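I'd like to ask you about the structure that follows.
Letters A, B and C mark the chains in the order given here, with residues in each chain numbered from 1 onward.
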């Protein structure tokens, strides 16, 4: 199985699992698990395909992705009670998904357009969109707004993959470098609380106090 | 008028009315009613068409859907003060929309791909997406996260329609069975508080307490 | 440079700046600024292109828009501390973006379909979607739900542009009229607190109190 296909299934499966973990945190029923698993698992890739005009989107062409999401949802449904902290699992699985999709998104964007900057953006968008969607639908505080590095990791993975491809690295090498970079950056942020400096240290006031 | 067209207009009209009811609950102005009515009315079908690559989407091809949304918005604007509970109307109209769109989404997905599993997912997604979008835009607690059965009803409607079609039932029969099933399941949930068991009974802790 | 292209770049740049201002209010890091700037800057136009089936979307075809977003994000990152009220800047830049995109969205919708009602809706949707997305992602109270006129300004701009075009006004005249109208309406709302009457003056009760 080619490397990009493995990354794609891996990204879908782990993102789906994070969606199901959110469903568990919100005490949804089994269909709620499968629903959130599916939306989180296929959300990022769906956005990528729609933006690039690659429709019908990937899971309509190949519904096996939906089976993967359903199985991930069921697996979490029957095992979540065994986990000490579902949110910690969610974050680490999300990191794997982010790493896979930063490369997948960049690879599809690069293949479709040849433009490195488009590849960076499709990598960044598709790696983060699944998690954004999950947090929105489940009403969780967005992982995007936490201080630890998140989007930066996706950008790093997409950037390393794109640069390596530009310098004619084989697909397997470029993909591995991208995934490892993104996961190392995000994993470090989770484990050691890595942050980048913020621009303006004043928190925003409530709109009603400003107008 | 063929059955699928009736379901489509019905789905758009009642979802639009629920969007306008949300606008009323949030005390928006008349354009706010029409805006939320339009987005809720056409949101689910727009997602369905984009996913399937059926663009330009249905309401661009046939703007009469927009007129339907606008009229639903105006109707609610001038009558909402007569209702004792706008939220109860919203829920029951949403149930009708959910039932119509679960069949419409499945029918379009099945016609475009021939795959029953894709039909299930497009049915489930397009039936629930209008309401998800409405609750997000209006800042209402998402109907998705309430304990009563919701997504399950959409899945049941899409499933019954797809199965009936698979066993060569005529379109009218399959559609009616699907709509009645979805509405019965969701209506029962609204009236009797039907729920499915949850997987893990622990509510999620706040992320800050976990990390 | 033709008028529509100027409006497009202007819309992208000022929406991107509002996204970066939201990032600043939420104390994100530099990549967070660029991320929110990009999503807010290209969000409305992306929705417009996807709805109309004009894919790959505009910024994939012409990545210079992404450079514009990145520069806007950097500019705000290094200057936000100089501003007394970032939210007030955000609102006024958003008003410029809303005005530009109400005409851009209507022009693209009209060119693609010839239907004035579709032009109204694509104008209204694409002018407001960037701001909706920004507020959702940044967890800000939605500008959509504030009492001052917002969607109405976008509709006015799209309407004036479409009507002027219908009466054979040259593109430059129709565009200028549309932009000025939308900006005047939204600017007046910001400065003088203009509102339209609401339909039903009762605020919505919490769902739990109704069911």
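Operating definition for what follows: contacts are C-beta pairs under 8 Å (C-beta built on N, C-alpha and C of every residue); 3 or more make two chains touch, one makes a residue touch a chain.
All of these numbers come straight from a predicted model, not from anything done at the bench.
In the Cα superposition of chain A onto chain B, the rotation angle, rounded to steps of 5, is 120 degrees. Copies chain A and chain C of the same chain sequence form an interface built mainly from non-equivalent positions, shared numbers / all numbers used being under half.
A separation of 27 Å divides the Cα centre of chain A from that of chain C. The multi-chain contact residues of chain A, meaning those touching 2 or more other chains, are 50, 55, 136, 141. Taken together, the chain B residues at the contact with chain C in this complex read 22-33, 35, 38-39, 46, 50, 55-57, 59-60, 63, 66-67, 76-78, 80-81, 85-88, 91, 136-141, 146. Partner chain B is touched in their complex by these residues of chain C: 50-53, 55, 109, 112-113, 115, 117-118, 121-122, 124-125, 128, 132, 136, 141-142, 144-145, 147, 149, 151-152, 155, 195-207, 210-211.
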